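Presented below are the structures under discussion, each in the form of structure tokens.
What follows is a pair of complexes built around chain A, which joins chain B in one and chain C in the other.
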Partner chain A sequence: MPPLQPNSTSSRYGSAISGFAAIAAASCFAGGTHSSAGAAEARFLQQLYQYARRAPSSTHMLDVDANEVVIDDQIVFVGRETSEQEHLIAKLREWEWLGPNWDGENAAAPVTSSLQAANQFVCLLDRDAEMPEPMLHASGRAGLVWSNDDRYLELEFLLNGSVAYFCTAAVDKHKGVVAFDGRRLPPALVPLIPT
Partner chain B sequence: MSAGSPGLIADDEVILRMVCVPMHVHSKKPELKSSFFSHAFTYGASAQRGEHATNAELAQCVTDLIGGAVERVWLGYVQCTAAAVREVLGANEARGFCVYDAALPPRNPAHAEVHSAQRIPEAEQIELRVKLMNAFNGKSVRGRRELRDGAVWAALAPDLQSRAVALQWAALQ
Partner chain C sequence: MATAPGFRPLHDAHAIEQVVASIAFDGPLADAAMRAATESMRLLEHELPGLAPINRIGISFGPQGIVPIAPEQTLGLARTASNRRGQVEEEFRMERTGITYRTQAYTRWDAVWGRLRGFLTVVLPHCAGVSLNAVALAYFDKFIWEGSAADCRPGALIRADSPYLAPSSFGATDLWHCHTGRFVRVDSAVKRLEAVDLDCGDEVLDPLAGQQKRVVKISTTLTDMFNQPSFDATNYPVEGSLGLIEEVMLALHNEQKAIFAMLVNDRAAALVGLNHAPASA
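Moving on to the complex of A and B:
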């Protein structure tokens, strides 16, 4: 695959900008460790990530939602729509831009490290798994929640690199705080996460 | 108790909390996330005393919450009795939350606040927050036009009424 280049002359992509999804997808795979990504796709996303790092956020010319990107003046079909996981990552990254009082009730500004930990956590989920809902608390900390008829699992990403969790399923209840290094899911949480 | 306050909040008083921040609502269904109540662990979660607030005061409350932020929209409200909040228990059966008068006269004399009753360890906060959400029946956000048969909605400025509600929350319309 040729190096990824921005194409500023493309009439198709020069104005309609949807960079968040692209960056989110790329950053998720930047480490090249996502287990379920194909090798070619992982390479592509790594290139996309490198490009996204160079380009100011206001001038992205990539639109993964459109299933196509322009590389060296050629339209390349990515072949799939932005996944729910990528949308979720994009949402968490978007929240990093919020300032204090983002809720009109004097909430603290989002804590970047907490949002990034939530992002790392989402990246470690299986792509086909049930995705959680993102949350932002008045403290500025990020959270994730899975809520359905069978199970309620909520996580909150604390400031010391740990995760508080609370889970109810049928008559079972689990809660506590576990360490999270951003590289693998905490073993105590794995059986609680919906698949 | 604040000057100009209606007085202490009785157990059978209904308190309401307005839902104005889409981020606090599930993206696919009109259910709250517990983050809607996380202020209870910081400076207090604002609420309105249903029996004391006028329609105009409730509309003003919504207006203040939405403010100039175009991404905010009045989606609806949740409500419960003060007793339901006070009955939420934490570890060792200790009371989890207080609800108390926090009048802000003359603009909002029926203002109340919900606050954690004690210092809650991190590992316990989520569970208590979820219990608080359940006390307010957070899975059933009430539509904005339901409040007082639409009288509060009617008192809202047209430009605030015109803010769109996402399709997945059409039930709140």
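Moving on to the complex of A and C:
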């Protein structure tokens, strides 16, 4: 056995809500990963079982923790994958740590408020929607770009809490500046953003 | 390019593996109320298409061996939403003695509470005859060590002066854990249980690669309890308590953030955007 059981019920759910959460966790896993059909799930389970077969004395069992199983005395994480949206947010956050001349061509230091506005904007997108590419301008301001066969949409997060946009789709062109409060997508941009 | 050793959040932008919110009643719902509440969950079908009864599983040990016992009654109903991999990412459970919501799809508090609020708006009006006993919010975070396990130290993630890690654990050079808990008097009517559990262990994060990585799991659970001995008595009928639940949940969320800020070091806090505007926290 591993030297610790960090995923034991007592440590993970051993609180006043244990009656709810532990049961919820157990049934969630059992109901989710094992009863639903689908090619993606089948591939995932196949990977797990391939892993389990590598050791001749392998045994596997479900743990009460929803996202972990124990295979051959090893804890295997089976939680969801990190989304493209989360990778994008992390990338924008990473840029906050850059200093001036981050491009080697005398660019201004990234503007934190602009990066954070871009981050808030990304947070408000539908998780399954097409994610934009992040941009950092020489001015230090952040941008987001969607570019596909149907349209090109570029946003730049200005310092006064507004967003400049430029969009081409088929023969149409749109551009302008709209206010962004960080809590909801500007209505004028909603129809322009690829879903 | 080689990455410098250090902890990274489970989901890059944040470390939250899942969030669990619970509401406990002061007693079981009567049959009629339970029926009405679970029937109302049909309205959640669009957002939570999965449906499963919650049954108690009993097993009898005897001369005949292990014999399953048929469930006496359905304890409740769960509605779920799954991802493309088939995993349940979101679950809303209505039980006789309480309601539990959990999600792995954390983006920001406003969004999580917005969904839970919508579900509660549907079922709470049917929860007649019971009062609010407790409201709880739990966060389960995970940080992954990128580097040799031999170089992994608590100080790479945890604040040196954090009150939530014992000094002996802070000096650990191998696996470690530290569990703390205490009651806090929020006001004359509310007793809060604060539980913070830290576990450092090894996990296989990619079943195909099969390689173990060192991880630190942080669970913080806050539970506000009503009608506790030596506290003022309260009577908050569940059916009309949405506003109060919202207020308590927000307070618990803010307290969770404050605890987390006292727990992880500045680097980790910056990685998860803890110091950003509330909308992206």
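Operating definition for what follows: the second predicted complex is superposed on the first by the 117 of 195 C-alpha atoms of A that agree within 3 Å, B and C clash if a C-alpha of one lies under 4 Å from a C-alpha of the other, contacts with A are read in each partner's own complex, and residues count from 1 in each chain.
In the analysis below, a contact is a pair of C-beta atoms (placed from the backbone, for glycine too) under 8 Å apart; a residue touches a chain by one contact, two chains touch by 3 or more.
Quick caveat: nothing in here was measured; it's all calculated off a predicted structure.
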Q) Should A:A118 be classified as contacting the first partner (chain B), the second (chain C), both, or neither? A) neither
Q: Report for A:E105: first if it touches chain B alone, second if chain C alone, otherwise both or neither.
A: first
Q. For A:G143, is the partner it touches chain B (first), chain C (second), both, or none of the two (neither)?
A. first
Q) In the superposed arrangement, does A:I193 touch chain B (first), chain C (second), both or neither? A) neither
Q | Which of chain B and chain C A:E156 touches, first, second, both or neither | A | first
Q) Touching A:A90 in the superposition: chain B (first), chain C (second), both, neither? A) second
Q: Name the chain, either chain B or chain C, that contacts more residues of chain A.
A: C
Q) So, A:T82: does it touch chain B (first), chain C (second), both, or neither? A) second
Q: Would you please give the residues of chain A that touch chain B in one complex and also touch chain C in the other complex?
A: none
Q: Over in the complex, which chain A residues touch chain B? Could you list them?
A: 95, 103-108, 133, 135-139, 143, 145, 147, 152, 154, 156, 158, 164-166, 173, 175-177
Q: Would you tell me which residues of chain C are touching chain A in their complex?
A: 9-14, 17-18, 20, 22, 24, 50, 52, 54, 78, 80, 82-89, 91, 93, 95, 97-98, 100, 102, 104-105, 107-108, 110-111, 134, 136, 138, 140, 174-175, 177, 179, 181, 193, 195, 197, 199-205, 207-208, 210, 212, 215, 217, 219, 221, 223, 225, 270-271, 273, 276-277, 279-280
Q. For the complex, which residues does chain B have touching chain A?
A. 20-21, 23-24, 26-27, 31, 33-35, 38-39, 41-43, 45-46, 64-67, 69, 72, 122-127, 130
Q) What does chain A use to touch chain C in their complex? A) 2-4, 6-7, 11-17, 19-21, 23-25, 27-29, 31-33, 36-38, 40-41, 44, 47-48, 50-51, 54, 66-68, 71, 74-83, 85-90, 93, 96-97, 116, 119-120, 123, 127, 182-183
